[in-house]
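The next part holds the structures, each set out as C-alpha cells.
Look for chain A in each of the two complexes below; its partner is chain B in the first and chain C in the second.
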Partner chain A sequence: MPRPGFVHHVDRSTPPTLFWRGEGFSLERLPADRSRIIYAPEPLPAIDDIDGSIRHALEHPIDDDPLSSKMFPGMKLTIAFDDVSLPLPKMRRPDIRQRIIEAVLDTAAAAGVDDVHIIAALALHRRMTEAELRHAVGDRVYDAFAPRGLLYQHDAEDPDALAYLGTTPHGEEVEINKRAAESDLLVYVNINLVAMDGGWKSTATGLASYRSLRHHHNVHTMQHSRSFMDQHRSELHKSNWRMGKVLVDSGVKVFQIETTLNTDTFPQPFDFLSKREWEWSARDRAAFVASSKSLARTPVRLARKIFHSIEAPHQMTSVQAGAVEAVHRVTTEHVYRQQLVEVQGQTDILTMGIPYICPYNVHSIMNPILVMCTGLGYFFNLYRNKPLVREGGVIIMTHPTLPDFHPVHHPSYIDFYEQVLSQTTDPKEVEKYERRFAEDDWYRHLYRTSYAYHGVHPFYMWYWGSHAMQHAGRVIIVGGDTAAVRRLGFTPASTMSDAFELASDVVGRSPTITHLHTPPLMVADVS
Partner chain B sequence: MARDDRPNTGAASLRRLTRAVAPAERIATTVGRLAGSRGFPYRAPTIPVGVEVPKEASRLGADFDTDFARRAPAKAARSVITNGPVRLMVKALADPQIFGVDRLDDLARREEPPPLIFAPNHHSHLDTPLMTVAVPEPWRSSLVVAAAADYFFTSRVKGTAAALALNAFPIDREVTSRASSDRIRALVDDGWSLVIYPEGGRSPDGWGQAWKGGAAYLSSRTGAPVVPVFIDGTGAIYGKGSKRPRPGRTRVVFGHPLTPLEGESTRRFSARIEAAVAQLADESAHDFWTARRNAARGATPSLTGPDVTGWRRQWALSEQRRSSQAGLRRRQKRRWPRLD
Partner chain C sequence: MRALQVRRNPGRFGLARLAAGIDTRAAVRMGPLEYVRIDPPDLPGPDWHRVRPRLTGICGSDLATVEGHAAPYFDDWVSFPFVPGHEIVGDTDDGRRVVIEPVLGHAARGCPLPFPDAAPGDGDDYAHLVRPPLEPGIQIGFCASTGGGWASELVAHASQLHTVPDHVTDEQAVMVEPAAGGIHAALMCATKVVGVDAPVVAVLGAGTMGLCAVAGLRRYLHGVRIIVGARYPVQQRLAKALGADEVVDPAELPRAVRRAVGCHMVGDHLSGGAHATIDAVGSSASIGTSLRITRPRGRVVLLGMPAEVRLELTGLWHRETELVGAYTYGTETLPDGSRARTFDLALDTVASCELQRLVSATYPLADHVEALRHAAAAGRRGAVKIAFDLRSSQEARR
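Presenting the complex of A and B:
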C-alpha cells in the first residue's frame, strides 16, 4: 500500500535534503525546529489491464453514449491529442496516447469510418518532431496516417484552418481548429498530469488560436487564479469553461478521454530522487554521489542530453471517457487522490529546487524565463486553499539560471529577455509589449514552419508567475548566474545560508521554512 | 655430396614409426586373442535360437532427450552462440526490422512476466534463428523452440546441435501427443517460453499453409498466452528448396497476446490466432489503419494465398513479394532477353 504524502518537521537528526539544481542536485541542511519538508505521496498502483480499461471506458462512458454508437460510415472523425509538453518526463513506450488512439481507431474501423484526421493539439507550442510524434502516437499510427497527411499538428496561425465560433458572455472570442470544429465527432485524448489539465482547457486551449487564447492567458486571469490547481478558484478554469459552452452551442461534439498517471517519476538508478533522504539505501547514496559528482564535471550540453533521455516509468491509474465536464470531475478526483498532501498553515520562506525540465523545454534548454515560470508559475501554484508561503514571504529557488536559450525552439524568448526584461519585469508593464511579439511575421513564420514556440509564448510564461510575484516579498535564486537572476528581477545568492541571510531582511531572524520536495508532483492542501 | 650417397629419409622414418607402434600392436593383439578365447562377457552374447530380443527403445525423434540443453553449462554456451554467431548470421542474411514489441510491454512490466507461446508463420529455416534474436527480453533468454521430431531429431548429432544452439525440443508435426504436451506443460511451469510453428513445417510454395491447433491446444493446457507473430521475407531469402541463402531484409511483427475465451474450442482459438497473424501480415504490407479496416470488413488477405492453382498462384506470390518491404535485397535479374 503506497504511503500518503508526508510533512516532516526538521530536527537535528534530519539528514540534509535534496535540492534540484537544473541538470544536477545538491544536499542542503535546513534549520532545525523551524523547517519542514513536504514529501509527495508514493505512486499509486497502476491499472493491471490498461488496454482493457481503455476499451471499457470507451464503451461505458460517463454521461454519454458508447463511442461505437457515435460512429457511422461516411462521418468525419477527428482525434486530437496532447502535445510534447505532457507527461513529464516523457513516459516509457508505449505512451498512453498511443494505446488510446489505437483503441479509438479500432472502434472507428469496426464502424466503417474512413475519414479520420489525427491532430496534435499544441496551441502556441512548438511543433513536435517526427521522433516525438512517433513516441506519442506510436509507430503504427504514425506510419498509417502521417505519410498521407492525415496526422498533423494544429496551426494556430493558419487562417484557412481556423473556425470562429462566437463569443462568451464575457466577450471572449472562441476560435478553434476548423477540422475539429466541423467534424461529426471530435475525440480528445488527454493526459492529466496535474489538476489544471483537461476538461474544456483541452479543446478551448489546445486547439485554439492567439485570438482566443489571449482572453485567458493574461495577467488579470493569472493573478486571479488561486490556484490553477483548484478549479473553483481558478479564473483560467472559468474562462475555458465559458468557451466550452460556446463550443457546445456551436454544435461541436466532443468525446473526452482523460487519463491520470501515478507519480512514479524516475527510473532506476535515479529513483532515489523521489525518496525520503533517511530512507536512501547504500545503493541510493552511491548513485547520488556518483551522479552528482560526475554531473558537476559533465558539460552542460551533455548533461541536458542525458536528463532529457530519461523515460519515466509512470503508468496509468485511471481512464474515463464521455462528456467533458463529467469526465473531468472524475479525473480531478483521481489526480487529487495521487497528489494531495495536507499541510497546516503557511510559511515565511518557501524553498524549491528547480529541476531540468518543465512543459516547455522538452528536448530543449531551461532558459531563465522558464526557470521563473517553473518556480513561480507551476511550483508556487501547487496548492489548494492558500499558498504555501504567506503574503509578503520569501521564495527561494535553486537553479544555475544560465542565460542559455535554444535558438530554434525559443527565438522570441531571446528577444523578450534582451528587449523587454531589460526594461521592466512588472507583468502589467510587460503586457504592453505583447502584441508586437504576437503579431511579428518572423516569429509567426518560425512557429508555422520550424520548431519555434509562438512569438507571444515568453509573455505567457511571464504571466504564469504574476500571481507569485505579486504575492511574495522577495524571490531569491541560489547558485544562479548573477546577471541573469538580476535581469529576472530576483536576488542572487551563492549558498543557501546566504539566501536565508538575505531573506531575514524581509521575514526576520527566525522565519519558518517549508521545502517543497518536488518532483514528484504534489498539491499542498493548505489549511 | 653425391646424390646416391644421401640417406633414404622416407624409409628411415617408416622404420622408426613401425618400431614405436609395435608394443601397442602387441598389446591389442593379446587382448583380442584373450577376449576371443574367453568369450562373453568380453564379447557380445550369442542369441539363443527361437528367442526374440526386444528392440531397444529409440532415443531419436520425439523421444530425443534434450534436458541437457536447459542446464547451466548448455545455457551459457547457447548464450555465447546466440549473441555471437547466430546474431551476426541473422543480421548478415536477414537484416530484421522488428515491430510491435510494445504490445508485450504490459506483460514484461509485471514482477513475474508469464511464459508465452510465440506462434509465427513458417517459411524458412531462418525463422528460428530470427525468432531467437527478435523475441524481446525477458522471454528471449528462456526460449525453447518446438522443432519437427522427424527432421531435426533423426540423428544424435543433428538433435544435439539443434538442442544446444536453439534450445529446440522435438514435437510431432501432425498431432501433439500427450507425452509432448506434458513435457511442454512442464517446461512452461518451469518458466520457459515457447516458439511453435502452427503450420507444422515450412511453406512448400511461399504461401502459408493450413494452421494446426498445436499452439491453441498448448495454450489452453498450460495457460500461457499465445503471441501471434508475422515473419516476412525469410521465404524469399532461404525458402524451402533453396540451395543457398540469398541475403535480404526481413520484418518481424508481434501482435497482442491472446488467451482462449470462456468456452472457446481449440479449433476456434487456433482460427483466431491465424486471423491475428493474417492481420499482422496486412499491417506489415500496408499499415495499421488499413489492416484494422480490412479486419473490420472481413477483408483481411488470407495467409494461404489466392484460391487458385498452378502458375497463377506463383504469379500472385511474385506480385506480393514485389510489393513487400521485406525480401531479397537485390532483385533477381531478368532471365530472358528483351525482344523489342
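Presenting the complex of A and C:
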C-alpha cells in the first residue's frame, strides 16, 4: 500500500535534504525546529489491464454515449492529443496517447470511418519532431497517417485552418482549429499530469489561436488564479470553461478522454530522487554521490542530453471518457488522490529545487525565463486554498540559471530576455511589449515552419509567475548566474546559508521554512 | 620645449606591438614614443601661427601609433619624427582661443583649393598631402613640420584655425575634432535615411567616436531610430543620454536591429536590417557584424580606424551593401540641402550636447605613461576621453 504524502518536521537528526539544481542536485541542511519538508505521496498502483480499461472507458463513457455509437461511415473524425509538454519526463513506450489513439482508431475502423485526422494540440508551443510524434502516437499510427498528411500539428497562425466560433459573455473570442471545429466528432486524448490540465483547457487552449488565448493568458487572469491546481478558484479555468460553452453552443462535439498518471517519476539509478532522504539505502547514497560527482564534471550540454533521455516509469492510474466537464471532475479526483498532501498553515520561506525540465524545454534548455516559470509559475502554484508561503514571505530556488537559450526552440525568449527584461520585470509593464512579439513576422515564420515556440510564449511564461511575484516579498536564487538572476529581478545567493541571511531582511532571523520536495509532483492542501 | 615625439624606429614599433598585448604602460616605455626636449617647429610661411595647446585629446589613432598597431598604409603619408596630438584647443600667438582642424589641406600646403571655400579635408586627390613646403603628413600630429598637440607648442595654418566662442569651455572645445568626425559619419548615413519611413541607424561601438556619431545622428538626422551596441556601462549611459533610442550590449545588437525593423534572421544575417550602420570600432568582427545587420543596398560607414582585417564579403556582394570610410570632415551637405563646414557644426554640437561630459580625465604631459594606459583601458575603467592638460604645465614650456 503506497504511503500518502508526508510533512516532515526537521529536527537535529534529519539528514540533509535533496535540492534539484538543474542538471544536478545538492544536499542542503535546513534549520532544525522551524523547517518542514513536504514529500509527495508514493506512486499509486498502475491499472493492471491498461488496454482493457481504455476500451471500457470508450464504451462506458461518463454522461455520454459509447464512442462506437457516435461513429458512422462518411463522418469526419478528428483526434487531437496533448503535445510534447506532457508528461514529464516523457514516459516509456508505449505512451498512453498511443494506446488510446489506437483504440479510438480501432473503433472508427469497425464503424467504417475513413475520414480521420490526427492533430497534435500544440497551441503556441513548438512543433514536435518526427521522433517525438512517433514516441507519442507510436510507429504504427505515425506511418499510417503522417505520410498522407493526416497526422499533423495544429497551426495557430494559419488563418485558413482556424474557425472563429463567437465570443463568451465576457467578450472572449473563441477561435480554434477549423478541422476540429467542423468535424462530426472531436476526440481529445489528454494526459492529466497535474490538476490544471484537461477539461475545456484541452480544446479551448490546445487547439486555439493567439486571438483566443490572449483572453486568459494574461497578467490579470494569472494573478487571479489561486491556484492553477484548483479549478474553482482559477480564472484561467473559468475562462476556458466559458469558451467551452461557446464550443458546445457552436455545435462542436467533443468526446473527451482523460488519463491520470502515478508519481513514479524516475527510473533507476535516479530513483533515489523520489525517496525520503532518511530512507536512502547504501545503494541510494552511492548513487547520489556517484551521479553528483560525475554530473559536476560533465559538460552542461552532455548533462542535458543525459537527463532528457530519461524515460519515466510512471503508469496510468485512471482513464475516463465522455462529456468534458463530467469526465474532468472524475479525473481531478484521481489527480488529487495521487498528489494531495495536507499541510497545516503557511511559512515565512518556501524553498524549492528547480529541476532540469519543465513543460517547455523538453529536449531543450531550461533558460532563465523558464527557471522563473517553473519555480514561480508551477511549483509555487502547487497548492490548494493558500500558498505554502505567506504573503510577503520569501521564495528561495536553487538552479544554475545560466543565460543559455535554445536558438531554435526559444528565439523570442532571447529577445524577451535582452529587450524586455532589461527594461522591466513588472508583469503589467512587460505586457505592454506583448503585441509586438506576438505579431512579429519572423517568430511567426519560425513557429510555423521550424521548431520554435510562438513569439508571445515568453510573455506567457512571465505572466505564469505573476501571482507569485505579487505574493512574495523577495525571490532568491541560490547558485544562479548572478547577472541572469538580477536580470530576472531576483536576488542571487551563493549558498543556502547566504540565502537565509538575505531572507532575514524580509522575514526576520528565525523564519519558518517549508521545502517542497518536488518532483515528484504533489499539491499541498494548505489549511 | 617638452614634447612627446614619435621617431621612425621599426624595432621599437615591433616591441611596442608585442608589449601592448600585455600592458600599455610597457608599450609606451618600450615603443617609439619619447618624452623629449625639442625646439618648437619653425613657422612654414606667412599664414602660419604658433599655437600653445590648452587641452589635447588622446585619440584611438594616437594609441594605435604608440602601441605599434598603425597600418603600413601610413608609412608614405606621414613624416618622422612627429609629435602626436590632433584634438587640440589652444591659444594662438595673436591671442585667440582656437580649435584646430588638423588636416593639412590644400591651403596649408599652398595648393589651389578643389572648390571655393573648401575645407582642409575636402578634395578628391590627396597628392598635396605629401608635397612641399611641408614634410608629408595627413594632418597635424603626423607631420614632422608642424608638431602636434602633445607638446607645449605647434604651428597651424590660418585655414585650420577656428575661433572658439566664449560660451564654449576648453573641455567642450577639445571635443570639437572628434565631434566633427562623428557628425561627418552621421551625415554620411543621410542618403539612406532621409525621406525613408521609420529609418533605423545602428551604431556599433560607443567610445568617443561612437558617442559623437550618436550625437550627430540625433542632432542632424531627425526622426531616425538609433540603436547602439555599447560594451561598458558608462558608454551605455552616455549613448542613451546623447539620444540613442535603444542601447544594448554589442552581442545583442543584431537582434535589437531585427526587432526594430521587423525582419527575419537567416543564418547569421538579417534578411533586412538597419538602413545604415556606423562601425565605430573598425575590427574584423565589427565590420562583419555591421555588414550582417545592414539591409540590402544599405550603407556601412566605417568610422573606427581599421588596420588589416579579415572579412567574408559574399554578403556584401549579394546584398549590394555600400561600405564607405569616414576619415574626417570638411564641407557637409545637410538633409535640407544646405552646406556647412563640419567644424562649425561641431562647435555648436559640443556645447548643445554638453560633450564635455565625455572628457573623463586629464593628465599633465609628464604623466603620459599613466594617461595613455588610462586611455587604452578607457571603457573598462569607466572613462571615455582622456586628454593632456597643458594649461598649467610650466614644465612643458621650459
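Following the convention adopted for this analysis, the second predicted complex is superposed on the first by the 527 of 527 C-alpha atoms of A that agree within 3 Å, B and C clash if a C-alpha of one lies under 4 Å from a C-alpha of the other, contacts with A are read in each partner's own complex, and residues count from 1 in each chain.
The working rule: a residue touches a chain if its C-beta (ideal position, glycine included) is under 8 Å from a C-beta of that chain, and two chains touch if they have at least 3 such contacts.
It should be emphasised that the depicted structure is a prediction, and the values quoted were computed from it without experimental measurement.
Colleague: Is this a clash or a fit when chain B and chain C both end up on chain A?
Modeller: On the superposed model, which is not a single observed complex, chain B and chain C fit side by side.
Colleague: For A:Ile50, using the defined touch cut-off, is the partner it touches chain B, chain C, both, or neither? Pick first, second, both or neither.
Modeller: first
Colleague: Is A:Trp442 touching the first partner chain B, the second partner chain C, both, or neither of them?
Modeller: second
Colleague: Looking at A:Ile414, would you say it contacts chain B, chain C, both, or neither? Reply first, second, both or neither.
Modeller: Only chain C; A:Ile414 stays clear of chain B.
Colleague: With the two complexes superposed on chain A, say which partner A:Ala286 touches: chain B (first), chain C (second), both, or neither.
Modeller: The answer is neither, since A:Ala286 touches no partner chain.
Colleague: For the overlaid complexes, name the partner, chain B or chain C, with more touching residues on chain A.
Modeller: Of the two chains, more chain A residues are contacted by B.
Colleague: With both complexes overlaid on chain A, does A:Leu302 touch chain B (first), chain C (second), both or neither?
Modeller: Neither partner.
Colleague: Given the touch rule stated above, what does A:Gly138 touch, chain B (first), chain C (second), both, or neither?
Modeller: Touch partner of A:Gly138: chain B, not chain C.
Colleague: Quick one: angle from chain B through chain A to chain C, Cα centres, nearest 10°?
Modeller: Result: 110 degrees, to the nearest ten.
Colleague: Looking at chain B versus chain C in the superposed three-chain picture, what is their shortest Cα distance in Å?
Modeller: Shortest inter-chain C-alpha distance (chain B to chain C): 38 Å.
Colleague: Where on chain A do the contacts with chain B and the contacts with chain C coincide?
Modeller: Dual-contact residues (chain A): none.
Colleague: Quick check: in the complex, which residue numbers of chain A touch chain B?
Modeller: Spelled out, the residues of chain A in touch with chain B are 49-51, 92-94, 98, 102, 105-106, 109-112, 114, 116, 138-141, 143-145, 315.
Colleague: For the complex, give me every residue of chain C touching chain A.
Modeller: 246, 248-249, 252, 255-256, 258-259, 262-265, 271
Colleague: Residues of chain A touching chain C in their complex?
Modeller: 411, 414-415, 418-419, 422, 436, 440-442, 445
Colleague: Write out the stretch or stretches of chain B touching chain A in their complex.
Modeller: Its residues touching chain A are 99-100, 102-103, 105-106, 109, 256, 283, 287-290, 292-293, 295-297.
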